[in-house]
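In the two complexes that follow, chain A is the common piece, with chain B as its partner first and chain C second.
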Partner chain A sequence: MKGVSLAWRLGALIVGSIVLVVAALMATQAPVGEVVQRLLLDSFSGPTSFSETLKRFCPYVIAGVAVFWALRAGLFNIGVEGQFLIGGMVGIAVSLPIGGFGGILLGALAGSVAGMLWAIPAGWIKAYRGGHEVISTIMLNQIAILLTSHLVAGPLMDKNAGFPTTASLAPTSMLGGIPFGPVTVSWAILIAMVVVGVFSWWLRRTVSGFELSVTGANPTAAQFAGIEVKRTVFQAMAWSGAVAGFGGALQAVAFEGRFFEGFSSGYGFDALGVAILAGGNPLAILPSAFAFAVLGQGATAVQLNGVPKGISSVILALLIAVFAAFRYAKVRPIHD
Partner chain B sequence: MIESAFLMNLLVFASILGLAALGGMFSERSGVINIALEGKMLMAACVTGWIGGTSGSALIGVTAGVVAAIALSLAHYLLTQVYSIEHIVAGMAINVFAYGATNFIALTFIKPGTSNHFLPISVYLGLALLASLVSTFVFARTRAGLRLLAVGESPEKSRVTGLDPLRVRLQALIVTGVLCGLSGALIVTNSGAFSDNMTSGRGFIALAALILGGWRPVRATLACLAFAAFEAGQIQLQGTKLFGYETPAALWNAMPYVITLVALAGFVGRAKAPAGLGKA
Partner chain C sequence: MAKIVVLEGITQKFGEFVALEEVSLHVEQGQLHAVVGENGAGKTTLMRILYGALSPTQGTLTVRGETKTYRSSRGAIADRIGMVSQHYAIIPQLTCLQNLMLGAEHGAILNLQDAEAKAESLAQRMGFKFNWGAKADTLGPAGAQKLEILKLLWREAEILILDEPTAMLCPADADALFVSLRRLADEGATVILVTHRLPEVTEHCQEVTVLRGGKLIAHHKVSDVTRPELAELIVGRALTEFPPRQLPATEAILSVQDATILGDRGDDAVKGATFQVRRGELVGLAGVDGNGQQELFHALMGVRQFQRGGASLDGQDLLSLSTRERIAAGVRLIAEDRHAEAVIEEWSLEENAVLGFQRLQQFESSGGLNLAYVHERASSFIQRFNTKCTSPAQSIGSLSGGNQQRFVAARALAEQPKLVLAFQPTRGLDIDATRAVYQGIREACAEGAGALVVSFDLDELLEFCDRIVVLNCGLMSSASSMDRTEIGQLMVGAS
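After this line comes the complex of A and B, so read on.
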């Protein structure tokens, strides 16, 4: 690969990705043009599709903020998936017996705390014991998946349901929205946007936000500048977990109304892609999350053409690779 | 009777984890962080089932599965070494890709009701044992093994001494592909047919075993045996009383992860990562 210029390398990656997807679509014998159109535009084809897209958009935004937060401190929070699950489960478990607006509020609060608690071991191990956060969060994810699926098939299961799920919140105990014609935009969407706005403001305009960025960019320099690096790292992981847990709880009280096996369709994992795609700008999480949501909805729709759902993961993976290639090409030149 | 079933499961699970963990070892000790073991195994499991079924030959099936895992490993090399993508991001991308691609392949190409063709399990058990012995020997006694360790500890210094880190990592990742391929092939062979996400986190358990074993072949193999014992023994273990409560299967399933967390916190041994892990 020596001597091959960066532009060519990136170009080859993009062309290769497109060829791979088109070849895969052709293998299904579906009409490629129609499938591509549906993949990209199904979200805008009607009120139901658009509502479904918003339902994906919300967790992508909040989980995206969670990943972004940790990433700014130089941490890969792979554990967002687990924190999101724990937050969703605890959120429902708290809001179900209380009900009403109080239930929503306390559920969201409890979900955030639970997500934070689920991230704290990883933050502590990273900051004070020197263990890699990726490994600890992968372990915590697996434990979260086992724990939530055990609880939702046992103690928390709705005995009347034939499959692992909790009971559902009454519609009046769920977070409502603002109707725009046939589409109801949940308050959760607005909340997600506020979360992004507040996070962006905090990161850019406050001392602690600045300390976080400095710690992530150069821990040694941060240490010399008098920043408590270990505490900053620990707190970044804890807050990242809290945001992820809040996202799970919000998803539960605003969209799902219950917790069930498969509550997260990999939102936490995809959120890494959302954050990478957003680059260095926290506000860019919004368009990035929207792109992921549109694609996710499109992939569900192309199943009508006989194209398996897995195509969305394939495309997301290629997107992550392409955008990461651009992002890291600037930061780290290849050794020749 | 129960004992012999337990023993067989133990050997199969230990081989699945052992092959993958050794695969991870080649990659990580050469400096490439590998959270993509899971994806490579899943891909191999899918392709082994698919090609084995359509070709009617078990050997062709396994070969195709291993080749598929090598292909993902080559993609891993491209992303981390040529495109300099952060290793964690690259690994995630490969896992997501493998998850989607196997779902796609299974629904598009695998015809339901095709008869399956698999190599006997004993072949894999033998290969796993062989891989463990050969890896131990390679790292301890051979020039190639020492070069790999040198590149993993310090890519900069090894470059000064005339080694080519990119080349060494390429070779290491190909070995990773072969071992993960065999591991995935064993998973599908043991269950009889491919199903979505059938690796169900075993790639991560293998990674945990690797770390718990301090990135050393013998210790990692022992960790795999211990983790396999939890998985094989959960049928016997679940329902046993602990402090007066019946223990659910999930608890025993979670044990490897919990132990690894405790180990990471430095309470069980001190796992020291290769110094050059993730560096260019």
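After this line comes the complex of A and C, so read on.
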């Protein structure tokens, strides 16, 4: 009996979400059918749109892994946005003067190290001083945003450009891709998928991955199981930052070719949603990131219909809420 | 003697689950009547029916010759029936007197002087002493239990139902409680006692009703039945004996000298404890809860520091090892707080089987976890004490507490333990599983380990252990023999 009522409740939640989205669209007086179609399908409607979707997909995947990594250790790394920015900027700053494949490689490495360094204060404060990581990473985000915009408007600015940006990498110094007809799929997409695969394997199959998960699930039990909880927490934050920084550098050398003010359209923040939507399964980061990319691209398209861009946030938020309801729904046993 | 309470043909169903089936209970006035049985036998359910907190699916309830149908416990209270459940209902912020009167104030205006005089006369009748103006949080477990009983008398109860009243008491307090209960019964009150401690039944009660699996098994005069017979009735078959063993003198596996351990309240929870556990020996650590047992175990496990003193494991300095190294050296803990310290409830039995062992060589294979070995281990932990589950992939939190405990106990006895630290290892277990777990600890000892076991049930320690040490207020003493009276005195520092 309980199972039936649970199914009803979840069904009602889904129907309610759809009603809410339609009502939101009707409130903007847009043609509902057309908007929904654009929202979901524009990402696939042409080579330009699809390339744009892939360009969003890649950072969502890697930043999603960064958030997921910290989350598994019981940490909310809100600082992925800042670590991503710092990684992107340092990545460009290193790869610009070197150039070529070496530039790409060293840029990505430098970006990862920079991201890690940017996360380390938050990890240290959390593990050894008990300061909450949400507060410290939010503050580090502010510093990262202001620091990067200062640097691209000053020392790192391309003097020939009329707005705050670095010089661009030569096309030959950027990461290429495999052409599929009119669309070129960047190697970065492949790299992002490998990152997810390796991370998933590490988390599920290795002892250190196991210890990370135990620490996040029950730190007291972790301590009794002989796990160095503080060190595990500290390392998780550092690696999460390194992955985020790598994502920023990869975005720079594969898609943007430069660093500019507004380099990230909130990838690091959206990645929180990506990771939460993925639930407990790291491989689910891929479909989750894809959903974010598609809806993000679709939202840009529906602006033509006079629908605010924020509609994609509404849909994603509902998606997360419905998903969470499914994931955490429990039927309480009556008897012990 | 008149039958004051008669329950006849009581059946209680919760959905599909049958908690009681055609059970009867006949209680005579002026007696101490014990209701015994294993966990889940239906004792508490039966008592809640008598107290009006449950209406039975079938059956009749007769009190003082009148058939009753209680809609709530209010009806039972009006018939002068009172019940003290296992969990005390005392509000620590209120004074003892306020707690006593709570919900049963005489009239709308409180006359505290009269109330205190009346409370004092009730207490004197029972031989209790109370500081009525003191906050209830100053009471120990024994004081709280006494106050709960006075609450019943304040409500003029004549039929007292007590659910495991001595679970939290040291032997001396438990004995004192029975003296008071005897006095009450002599004055005409009737006491129905739910317990799993058989010595209490044979020493203090007149009649005993045995339940098993929701069915009535037997109703005897206590004088007609022996303790082993009673145990057999409860379990349903004869139990293996645990005769005292003669151990050859062996070297110490754990040697603790002058251990002083800081407690959470900022004072020393363990004060200069010196003791040994020898190879092959099962040492019981007796004491009332909160006298330093937890701090000692945590410090031996390496999650709490020694302030002073030393400890060695099989000749090796224990304190220089991290928790991980202690586990690798063979220290195993059956934790006090299973939920917080020993399992991850949402995770599968397999994943929980690895917990603590993840760095042991046999669990690793080429950089990763050896999943085949993990699966094999999980299955063997399940089998060892008959953990009831659908598969090793089931989450441990979905098992009953007793089944979780079986699994955790099996895990602690695996992978060549050298020192087993068991904190109430049989909590929530029935008689069968309790004996199996102690048998398991004995087997580990026979293979060269030593064991230190905390239990708040002294009779359990007396039955299964080779030797007993006692912690009272952080001070360690060693019992010279397995003598209940001597150990009981050590437990309250009255030697």
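Miscellaneous remarks
Everything below uses one rule, namely that the second predicted complex is superposed on the first by the 299 of 336 C-alpha atoms of A that agree within 3 Å, B and C clash if a C-alpha of one lies under 4 Å from a C-alpha of the other, contacts with A are read in each partner's own complex, and residues count from 1 in each chain.
Here, contacts are C-beta pairs under 8 Å (C-beta built on N, C-alpha and C of every residue); 3 or more make two chains touch, one makes a residue touch a chain.
Remember, predicted model here, so these are calculated numbers, not experimental data.
Contact with chain C, but none with chain B, is seen for A:Asn218 once the two complexes are overlaid on the shared chain. Of the two partner chains placed by superposition, only chain C is touched by A:Ile227; chain B is not. Looking at the shared chain after the overlay, A:Phe210 reaches chain C, while chain B stays out of its contact range.
Looking at the superposed arrangement, the partner reaching more residues of chain A, out of chain B and chain C, is B. Shared contact residues of chain A, touching chain B in one structure and chain C in the other: 333-335. The residues of chain A lying in touch with chain C in their complex are 205-207, 210-211, 214, 217-218, 220-221, 223-228, 333-336.
Looking at the complex, you find that chain B touches chain A at residues 33, 35, 79, 81-86, 88-90, 92-97, 99-109, 159, 165-166, 201, 204-205, 207-208, 211, 248-250, 253-254, 257-258, 260-261, 264-266, 271, 273, 280. Contacts from chain C toward chain A in the complex involve residues 14-15, 17, 301, 303, 322-328, 333, 335, 340-344, 346-347, 351, 354-356, 358-359, 363-364, 367-369, 371, 398, 400-401. Those residues of chain A whose C-beta lies close enough to touch chain B in the complex are 1, 9-10, 13, 24, 27-28, 76, 78, 121, 124-125, 129-132, 134-136, 138-140, 142-143, 145-147, 149-150, 154, 266, 269-270, 272-273, 276, 308-318, 320-321, 324-325, 328-329, 331-335.
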